[in-house]
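Each structure below is given as structure tokens.
Presented sequentially are two complexes of subunit A, the first with subunit B as partner and the second with subunit C.
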Partner chain A sequence: MNQKYDITIGIECHVQLKTKTKLFSEVDNDARGKEPNSCVSPVDYALPGMLPRLNGEAIKLAIRAGAAMNAKINPSSRFDRKHYFYPDSPKGYQITQFYHPIVGEGYIELPSGKKIRIEHAHLEGDAGKLTHFDTYSLVDLNRVDTPLLEIVSMPDISSAEEARDYCKELWRNMVYADVTNGDLYNGNMRFDVNISLKKPEDKKLGTRAEIKNLNSFRSVERAVVYEYERQSKLLDRGEKIKQETRGWSDATGKTTSQRSKEEAQDYRYMPEPDLPPLNLSEEFIKAEYEKCPALPAEYRTRFADIIPADTLEVLLDYPELVSRLAEIAANDRPVDYVANLFASVLLAEENASLLNDPLPTAAQLTELAEMKAKKELSSTAAKEVFIKLFEQKHAGKSPRDLAKELNLIQENDSAALEAIVDAVLANPATKKAQEDYKAGETKVLGFLVGQVMKESKGKANPAAVSEILKNKLK
Partner chain B sequence: MEVTKEEITHLASLSNFSLGAEEITKLKADLENILRYISKLDELDVKGVEPTYQVFEMENVWRPDEIIAQDADREALLNLAKDSEDHQIKVPKVL
Partner chain C sequence: MKIADKKTTAVSLVEASLKRIEETKDYNIFTFIDKDQALKKAQAIDDKIKKGENPGKLAGVPYALKANFLSKNRPADASAKILTEFISPVDSTTAEKLDKEGAICVGCVNLDAFAHGSSTENSYYGPTKNAKDKTRVAGGSSGGSAVAVALDCVEFATGSDTGGSIRQPASFNGVFGIKPTYGAISRYGVVAMASSLDVIGFFAKSAADLDLLMSVTAGKDEKDQTTLPDFYGSNDTELKKKSVGFIKEFMASEALDPEIKSALETKLAKLKDKGYKIVELSMPTLEYALAAYYIIQPAEVASNLSRYDGIRYGFRTENLKADDKTPLDLLFENTRSEGFMPENKRRIMIGNFVLSSGFYDAYFLKAAKARTLIIDEFNKAFADVDAILTPVSPNPAFKLGEKISDPVAMYLEDVMSVPVNLAGLPAVAFPVGENKAGLPLGLQIIGPRRSDKNLLKLTEELA
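Up next is the complex of A and B:
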């Protein structure tokens, strides 16, 4: 990216918390695959006299999420009303924590080691979903008051890549902390990106534009690249940046103005009189804080020098795989080979469907790794056994039994191997190769090893065969 | 305590309704009276007094995270809306 201007980015992220019920009513919070307006109560409709009833689990998840961003928890927090008029909110206001949020300052550490500070995070209710048509819009209130944790970063991010890395690391931490389903496609985490440019010598930050509602790491990265181009062109021409909200289109790869902030938004915040304040005890906070499980940063430390960093970064997107590796490591068994199988076989495009099947157990994977280490299985055979372990008919089977069944156990018995080698060397078809090798053309050894492998139907250990051949052709 | 016409128009637009000139004049007087009455509170010295958010002295009130069947079903609630289509509330175009 062009470095003519410094880029300053702050990101607000809305995380849908995975509670069973909504933040303020006792209806189903999981509307995935359900009919519009089928998860709605009179409270969500804001019928006269309906009062919000706070969901205790959302408070607990917010604390655990706070732990996953190394944050202080504020013992005292409360709710406020943020007024706006729009059909996605029957109340005419959103219940949020404007003045006293539950999560205080914290930080997210990127894989690069850079820390992005968190300003605060607060609980609030989500809005309904609108679908726009030519002359009208349809309103689905299923999402009204789904609990959201809005996480507000400090403007510590300074490139498109860093913005993407921050969103991804935040997503990973929230998923590992198990506070959200983390399904980006279904909007479980949505990002608003604030971007401003300034000349390196300027002290003051430039005017920012806010790109709303990005729902993938790639869109975040692309939107920042686009905004840099757009804003720098304006600045080059000596024009001013308008402070405004912009939308992003994945299809056009552009941001477009949605509404100007000049007509100052006036939310008329006021304390929510229907919800008493929270004054949480130290013990309550501590108990929830400690429920936060191991996070990606800890796995980076734990697996450093064992799993190559780039492989680990790929695997960290799959908490289930990482926790299986941790299980194997906890039994003092080596994880490097299993990590390699995960990254190169399981996550290979052609095997993508395997991720939907139950993962082999730690015991199965450990046994498979040991067979490979003892050369009872060739690389190819071990991969084959690994893939078969996902099949339902082989569920729970020991890899050794499976390998025997598939006739894949490798021949290491040197007497048996020598017999095969002798047979191959006796074959007139290999005569020329033998002569070439003796004449110094060591490359032909590969051909001879191949012949032995073929003769053994792939069960010979190639390294052992190679040694035997070298001895015999001396 | 003066309330300008612009402030009243602004408030009306935030609340999504329109006001006639007569209504604005009447509201201007009403609002000014209300504010004058409330501004009596400014005479009190509240230095060091914590803001009062609620008067019931309750705290930490929350419910368990359990789904409870609702008395009002989907169609009953949708019927309260002026118009609906495909089990959704139908509203005039907003954007």
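Up next is the complex of A and C:
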């Protein structure tokens, strides 16, 4: 990217927490596949006289999320009301933590080693969903008061790539901490990106624009690139940047103005009188903090020198795969080959559907890796067994049984191999090749090895065959 | 209460109640009469008694719900147009508890819409008239509840008190009313006015009846996280000092009616005779109570009324056409413009003003600080006295229409009742006879937090 101007980026991320019930009521928080307005209690619906009941599970998840961003948890936090009129907000206000958030300062460390500081993170209720038609709109309140943790970064990010990396690393940390389903497509995490530009020599930050509601790492990156272009063109012409909220369209690849600063709403924040201040004991915070499972950073340390860094980065997007590797490593078994299978076979585009099937167990994968190491399976055969292990009819089978069933065990027995080699050499069709080899054309050896492999129906170990042939043709 | 009276039946009690409601129709007390349900429930209670089953502590007692209480399948419109035709699908915790103890709701009674007012004149259904003088106000906001009890339509009625809404109508109509400690009774299912000030309480004919009602309804409710852990009847604050205070500044107020003042002096003398130490308290901070109250209360009111937008329930405007506005904006604006009473709108405007960006610190935050000072001043007073005896309001019931066009004069009626709400204290209003014109006079006795039961005992001594 052109670096005429410095970019300063801060990101706010809304994470939907995977609690069983909603933030303030006891109805199901998971409305996937359910009828509109079927996961709505009188509290969410904002009948008169209904009062919020704070969900303790959301507090626990917020603490664990805090741990996943190396943050301090505030022992005392409070809720506030943020007022606005819109049909997606039944109460006419959102319950949030404006003045006293639960999660204090922390940071996210990017794979590059750069630390992006977290300013704070606060709990709040999500809004409902509107679907607009020609002359009317429909309201679905299923999502109302799904617990959200809004994570606010400091303006420490300075490029589109870094913005993407931050979002991705934050997503990974939240998913590893197991506080969210992390399904970006369904809006489980949504990003608002604040961008301003300034000349390198300027001390003061430029006026920022906020791009709202980005829901993929790629759109975050593209939107920043677009905004840099847009803002730098304005600055080049000596124009001013307007402080405003902008929307992003994946289809057009552009941001468009939604609301200027002047049109910004006055939310009339007020302490939420229906919920007492949230006071957490040190023991409670500590207990929840310690429940945070291993995070990507820990795996990077654990697997350094074992799994190539770029392979590991790819695998880190799949917590289930990494946790399987960790399981194998915990039994003191090597993980490099399995990691390679994951990265090169399982994550290959043509095998995409495998990710929907149950992952083979640590025991299965360990056995498979051992067979490969002992050359009982050729590389091709090992991949085939690996893929077959995902099939329901082979579920739970030992790779050895499966390989036998598929007749894939590699022939390493030299007597048996010699017999096959002799048979091939006795075949008149190979006579010419044998003569050529003896005359110094060593590259025909490959042809001969191939003939032996064919004769063995692929079970011969090609390296062993090659050695035997070399001896025989001396 | 006739609760323990085995000579009668629930059905005859309910019939008598319904008859009395019919006779007092011109007072405009009831906004909904639930005749069939009430009689059905009375029959069920009588059957239970016949079978020797426990019919509950309030078996067969007819009562009225202030119309801002939700109860299943009954309207709960808070006397507000914007909630007309809203039938509640759920029970308020209080209605549920009363029902469980066999009390019989005969209907819902009038209030100032959304409990905004001190006269019940701000009702969509028009004013309820004073029990002793039909040309005068019932007080408010729980005017219907007070008059229903005063005129024997029911044995008791529920109320809510945000700035005096139980105590003032109780004193205007010569009945007993309790404003419990904040958080003693669940607010779940009661149309919210100002959440940090609202308490649920009752009107009845005696302190003993109020005690019974408290014992049935008070307690922790998981549906209202601001409720206190159970204390009523077991861990109440004791009043052991044998000392009662009065507030110098209230007694010196020029606004105070001389007959109320002398009634108060008479009671103090009576207490002195009984061996109580009488202490004059100077509480200068209370001067700021009304101002603080009329900032905090409208702010919370504006917020709590945000949910009435015409989208999900209640009244919805039909005026959705204008060239310069979107139908959505018109839906919000016109539903609210047409559905709220002028007093509701006044409070929404004040509330939104004091919460708006740039004014929050100057108004809301300052008021919150004043509130803390008032709490401190009460705490200091309760270091010396068990309870404080004060007027409920400076004057007895005023004429219908007298103050309706002068909101500030109306707000001044609350000057002696709102400090109690700001501090979350319990207070009991009790009748002390009538003035020369035959209007009921009332006083209130204020105690420290959680002294509700002992305060009722003290009321019995005083009354």
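As a working rule, the second predicted complex is superposed on the first by the 471 of 474 C-alpha atoms of A that agree within 3 Å, B and C clash if a C-alpha of one lies under 4 Å from a C-alpha of the other, contacts with A are read in each partner's own complex, and residues count from 1 in each chain.
Going forward, contacts are C-beta pairs under 8 Å (C-beta built on N, C-alpha and C of every residue); 3 or more make two chains touch, one makes a residue touch a chain.
Predicted model, so just to flag it, every value in this text is computed and none were measured.
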| Of the partners subunit B and subunit C, which touch A:H83 in the superposed model: first, second, both, neither? | both
| said: Taking the superposition on A as described, I'd like to know which of subunit B and subunit C A:Y93 touches: first, second, both or neither. | reply: second
| request: Report for A:V139: first if it touches subunit B alone, second if subunit C alone, otherwise both or neither. | output: both
| query | Which of the two partners, first being subunit B and second being subunit C, lies in contact with A:P273: first, second, both, or neither? | reply | both
| query | Of subunit B and subunit C, which one touches more of subunit A's residues? | reply | B
| message | Contact-wise, after the overlay, does A:E35 reach subunit B, subunit C, both or neither (first, second, both, neither)? | response | first
| Once the shared chain is lined up, is A:L47 touching subunit B (first), subunit C (second), both, or neither of them? | both
| said: If we overlay the two complexes on their shared chain A, which of subunit B and subunit C does A:G253 touch? Say first, second, both or neither. | reply: neither
| Interface residues of subunit A shared between complexes with subunit B and subunit C | 42, 45, 47, 53-54, 83, 85, 87, 137, 139, 266, 268, 273, 275-276
| In their shared complex, at which residues does subunit C touch subunit A? | 68-70, 76, 78, 83, 86, 88-90, 92, 187-192, 194-196, 222-226, 299-300, 302-303, 305-309, 311-313, 328, 332, 352, 355-357, 360, 364
| task | Provide the residue numbers of subunit B that touch subunit A in the complex, in ascending order. | result | 10, 14-16, 53-54, 56, 58-68, 70, 72, 74, 77-78, 80, 85-95
| task | Provide the residue numbers of subunit A that touch subunit B in the complex, in ascending order. | result | 19-21, 26-28, 35-38, 40-42, 45, 47, 53-59, 78, 83-87, 130-141, 266, 268, 271, 273, 275-280
| For subunit A, which residues count as touching subunit C in their complex? | 42, 45-54, 81, 83, 85, 87, 90-93, 137, 139, 266-270, 273-276
